[in-house]
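Below are the structure tokens for one structure; questions will follow.
Per-chain numbering from 1; labels A, B, C and D assigned in written order.
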Amino acid sequence: MKVSRRDMLMLLGGGAVGTIFSPIPWKLLRDSSVWTQNWPWIPVPKRGAAATAASACPLCPSACGVRVRTIGGRPVMVAGLPDAPGQRGALCAAGSGVHQLPWHPDRVRTPLRRVGGGSPGFEPASLEDAVGAIAAAIRETQGTVAILDGRPGRVLGGAYREFLSGRADTCVLVPPSAVRASMPVLRKLHTRDPGPLAVDLDVVDTIVGFSAPLLDGWGQPGLVQQRMHEGRLRLFQFEAVQSRTALMADRWIPITPGTERAVALGLARMLIRSGRVSPAFGYADFKAFVAAYEPWTPRRVFEVAGVDEATLTEVADALAPTGRVVAIGGGDPAGGPLPFEDEASIQVLNLLLGAMGQAVKAQRPLADDPADAASDRVATRDLCDVPDGSVGVLIADLAMAGATVPWPILARKMAPQGLLVSLTPVLADLALHAQWVIPTAPAFTAAHDCPGHPDLPRSLRLARGFTPAGDEVVDPVDLLNRLGTALGIERQATVADALDDMMALRLRALHRAGDGTVFVAGKDPVAMAEIDSPEDVLSMLRAGGCWRTALAAAASAEEPAVEAGDDQTETAPPRPAMPFALEQVAAKDSGGLVNGFQMYLIVGGGVERTAGVARSPILSKVDQESGLRPFANVARVNPATVASHGLRPNRRWRVSTPQGAITMRIEPDPTVPPGAILAGAEPQGALPWNAGNPVDLAAPDGKTWRLLPASITEA
Amino acid sequence: MSGPKETPQGASRYGMVIDLDRCNGCGACMVACAVENNVAPAPQRANDRNGITLLRVFPMRNGRDYPESRQVFVPMTCQQCDAPPCESVCPQHAVEFDWTTGIVAQIPVRCLGCRYCMVACPYHARAFNWWDPEWPEGMESTLNPDISTRSRGVAEKCNFCHHRRQVARERAAHEGREVREDEYQPACVEACPVGAIVFGDLNDPDSAVAKVYEAPDAFAFLDKLGTKPKIRYRSRQEWVHAMARQGVPEKEVTRG
Amino acid sequence: MSTASTRGTRRSPLARHLGTLMFLAGLIGALAFGWIVFPPLMYSSTEQPIQFNHKIHMGEAGMACADCHPFRDDGTFAGLPTTAQCAECHEEPIGDSPLEKAFIDEYVRKGREVEWLVYSRQPMNAYFSHVAHVTVGKLTCEECHGDHGATETIPPYQVNRISGYSRAVGGAATAGRALLPTEVMRMDTCSDCHEKHGRRSPCLECHK
Amino acid sequence: MDRSIIPRGLERAPLGKFLLWLLPWVLLLGFGLYSAYLCLRYGLHQTNMDNRFAFGAWIFLDLTVIALGAGAFFTGFLLYILKRRELKAVINSAVVIGFICYSGAVVVLMVDVGQPLRAWFTFWHPNVHSMLTEVTFCITCYLTVLAIEYLPILLKNRKLRQIPAFLVFEFNLHKVMYVLAGVGTFLSFFHQGSLGGLYGVLNGRPFVFREAFGIWPTTFFLFIISAAAAGPSFMLLTTWIASKVSGKRLVTHYVYESLGRISGYILSGYVLLKTADTLFWIRDTAPSLGVHPASFFANQPGYTALHLLEVALFGFLPMAIFLTKRLRARLGWLVTAATLTCLGIVVNRYVLTIQTLALPTLPFAEVLSYVPSWQETGTFLMVIAYGMLVYSISFRYSNLFPQERELRQG
């Protein structure tokens, strides 16, 4: 019998029909579609028991309390801690993603040594090599050995100073934003040093903001905005850009970019002339003081700042010298502080309005705080104040600073052969310029202290470590110990857990002082004086509590005496000359544009665009996909300016300043004043869209990188 | 459409009111939303047009120039319409109007990725997974097990953090009681630092949201389309209301 | 052409019906392969890391399901016990079973967790509340998980080679033959039961 | 070499020349396959579509191709149902073109959807309210019909005819061809209509939303009519192109004229209805949705121009040519008018797909545009190449134009 081709076809046909009526095709169809629902390369969230823990956000000096949701001990979500003092459950966008930082794609996993000349990169190295190289540099350098502490006030700062105290030419450097914040400048305006000052937001009923990002990174934005909504706080905002703070303010008064000083001086003159000056305001040579302010007539203010007399009068009239009014400058965490003269002019208003002792209070000093260890032996200085080319070895710890330090400013301070060591969990920002990068613990992996904002009542929270930091992480104290050993310095702190010891010391000091209150969410606040032992304080802080100092009720450094008016000044008792020459500050003209630059570049972006470590991958995503924040490579320009300068948005443009130029895209934005360019600061090396960082165009004297003369040409 | 007519007695109808005069555009809600819903970090080429941003804050401007320019920030997400245009167009029931909660449910594992729902949605509230989600190594340990991760090729949108309701209901059932209003709040509501968002059950006259839902200064976007959105916005600024009513803006943006 | 060449010649009945027979052969062969041989081929099988005797625990030790598979305080189902929980009784061997000794040596002493392969663990896109079914719905464990409390061994874990789902949640009881002592729980199983109890459920009730 | 399989009585180019003609299309197909592979393997970020342009070039071109492919169903309808005998001359070609257009569109759709392996969910869990469900069912069924219709054309091939079983099968198929044509017409009508309905039902998109008759919005009917108008024009055009490329007369002028006249009549109806529809939309629909109709056009002069173009240049003008006897007598005019009609379909489908998505609905959203990526373009070129290959091979080895033999001899 012959099986024909036809028979074979029949067999196949039968097979085909049979297959259709069997599970084969349908099961394969179904299983392959289920496979698409279960692709092995898409991660499945791990299961586990859910719990909630309280901790602190370490990213910036606002040190907000956070409620962390954990699954099997792993943090999966971070939200603001309700009932927390000064914050009321608020948390910014950066804080909402802080738990992702241990997995930042640029996380440093090992000590890195800089290699290459033209296009430098890094290669992994051992900690021993790093210690050897740094110790050798410290031994051999002719220049200053310094540690840049981006977040002063931590107990770690005490360890830094203690390490440096073993050598002659050393200092601790702090970023300009810390020394040029509002309260440190106000402190300097006094004849006698009143000690650290703080704004008491709970009693303030009116804020006069001078480009201060009150709702965008200054101090406690959540508290400010909630009090505004409760109708308990009025905000007058003088600012060139219609920022988010300006938008939400009760009154926004647009000014010409960079003329905060002129407005403040003009306002001061108005207050003086209308006699609405606090009786508490005292000044030895009142005549000279008045004379200094006399040139700032409304007409001149209008010419310089563009604020007309009626508006200025209106604001002045609304500012009764009740002591509950406070003027704040402060600058932008990303765009940097205001120049000293500007901030000083603003702070004079606080003196005139009698804020001292009411809206502004003195912080009680804390004896034996380990954070202040060796402060008599090692100077703390503004980075901008050290001579150029003087720093031989600089160990920079800018992690969790919440402030920007432009590289050109730092670069000028380094000696020609100087060694820059960066302690950082993430390879970004200044670390990219370092010769050595030492990996430190990222947020949420190690317990540490989180001191509060320099302008607000002193506070302390503890950040918890949730996930293990990993073996590669170097404890800064351990690094100092190894360096000490290599240098043959006898050191007190010889164990890696020195931080714990120092924390215990600090808590003992706090407890001994018996000052302030400890707030724990969901419980009644407890006065420090009523707590039995430092250990109890520690456990309360570990449970997410917040200690906050009680402000001295009347901490006025100036006794009342002088009333506004020519006659009385003669009879006032002789007093030492007031602050360093306010008259000179007043006499100094406002910045102004440099020849050839017809525009201003305003750099901002709030706390979320400061140091690279502050940005979780999700925050970067939200930035990348929403364009809500100003970007480094996008120049936001007023539509009228776009039209008059022919700035076509689809081209690339070169924004030049006296220090250099970067290429940007143009985006028309009606909230930017004509003739100005608004751009965001950008942590360096963080993201692909980064075409250049406006912060790097900073003036070399370090006075400002917030406002720069600029011009635009086609790239 | 399995609209509200099927709604059984005692069902919930969740809604939201967002106060535009309070929102300062900080973006914490966007971050919280992405974190809560296991949204992956952005691929390099992702932008405002192709990223997974389930909740996006748009600036809305009054069209005037500096210094008369004003803007409000409009957090825009799925408006949870009572008559959702996206539901009836889905060819295979991957979108469903949940008659027990009023939430427009989007089930990614049923979705075939035709994107018709995205075309149908006038609020541009849906996002498509153009990329496979990718997390930096180790970061998948921060994922929320209460909600699944999505693969590439499917559409997704805001479900009012419905998984939080599941968790709250489970806990309440375990303790033998009803769910309290504060137990079920979406991540954006929880994250808003200024309390601009109020969320709750509109069927419960005592809920915080029901009290402001009918406020005279409350309005819904595109309500004339007949979508009956359950998210309303509030503002005391007249231009905001006028803007919400008016037509098409001018600028054209090309990318490709 | 073969058909052309045979045209007109006399053929045996077998040859005449050969085509039909071939068709039937193909049909039956495909059906047999598809229904009998093919389904098991779709699953790979893995033995559990250790054997466990439910019967001893439920019977002799007199334990209840919830003793080892409890709820957590927040109402979530804790699932399988940890080694630490096992060690509460099995710090030292209770009986003389070599399996128990091996468990104590391998896991309790070393503080390791057993990497159980959970038959009925739902995929990540499905939400299942034990509280809703056990506490509120008053279902017994057996109604969904079968009577495995009475078994002395635990069967291998079977997983679909393509979809990667456990057979107990993704697989069908092909041709009425259950392939596991535990019941198969697919979406249809859930929705049928909900329907039966007059509780039509929206997607979001179970999906996440 | 391949003489034995070329239909008797037809002259065909040497095999080498034919292969040379195929080569560029094969290369294009290869490029297209690679593009499609990238999209399937790595995801749709290979395209430039985005969340606003959720439908892009693919959907626009699919709609166009399907509208043009309507020549298949409409010619069948005219021939088998309305008994226009002269169209027998192009019916085979029409079926092949229909098959190419529909199968090509389905292939692109499978790349276009994000999860093609889940496409069958639509059959298993259909949402009967969705126009897309209607589209899916119709396209699947109609593609099956087309495949069945395509078979006899293949089976008529000399070599294949030698297998008796195929002959019997083909003969039986012929008997049911009227049924198939009827079913195909119904399915294709519905398919065209539901593609139009796809947009017309979008009450969230005021620009495209249209009032409904029954459950179908006006776009449902406009799509059917416009496809019916463009189908014969496309047949005219493709026949003319095939004739030019092969250098042979394929049909008599009467067939061209007949196609043109049919196109012209339907086009006149379409222009009328489209105008009425637009006016109604401006007067009633748009305002009822809270939209000032002018707002869509005021800032976008280009889009207004497109509208005018579609109705005037690509609607009224070809209609006038087709319906003027003197012009119809000239093939040049016929081809011009057919080209304009086909362009009109392209513009119409472009406006409905791309412009609908470009225009935002929210007051603060932007007007967007996008440019397809090379992967997107490549995937579509794959369909063009596939179509050219299938058509060329069908043309060479089947008798697509029955008149060709007579015209050669006569």
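The working rule: a residue touches a chain if its C-beta (ideal position, glycine included) is under 8 Å from a C-beta of that chain, and two chains touch if they have at least 3 such contacts.
None of the values given here were measured: they were computed from a predicted structure.
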The pair out of B-C and A-D sharing more C-beta contacts is B-C
So which chain ends up closest to the centre of the protein, judged by Cα positions averaged per chain? B
Which integer distance in Å separates the CA centroid of chain C from that of chain D? 50
On a C-alpha centroid basis, what's the spacing between chain B and chain C, in Å? 38
Measuring centre to centre with CA averages, how many angstrom lie between chain A and chain D? 61
Cα-centroid distance, chain A relative to chain C, in whole angstrom: 55
Two-or-more-chain contact residues of chain A, please, as numbers and ranges. 6, 32, 35-37, 44-45, 47, 50
Specify, in ascending order, the residues of chain B that touch 2 or more different other chains. 47, 51, 59, 61, 93, 109-110, 132, 145, 147-149, 151, 153, 167, 254
Got the chain D residues that touch at least 2 other chains? 115, 118, 121, 165
The residues of chain A that touch chain D in their complex are 6, 29, 32-33, 35-36
Which residues of chain C touch chain B in their complex? 71, 74-76, 124-125, 127, 129, 131-132, 135-136, 202-205, 207-208
Using the touch definition up top, name the residues of chain C that touch chain A in the complex. 2-3, 6, 12, 14-15, 18-20, 22-31, 33-35, 38-39, 42, 72, 74, 76, 78-79, 123-125, 160, 162-165, 170, 172, 174
Using the touch definition from the top, list the residues of chain B that touch chain C in their complex. 93, 96, 98-101, 103, 105, 107-110, 145-149, 159, 162-163, 166-167, 169-175
What residues of chain A sit close enough to touch chain B in their complex? 36-37, 39, 41-48, 50, 71, 74-80, 89-97, 99-100, 102-105, 107, 215-216, 221-222, 225-226, 229, 242, 244-245, 247-248, 252, 254, 467, 608, 616-629, 638-640, 650, 670-674, 688
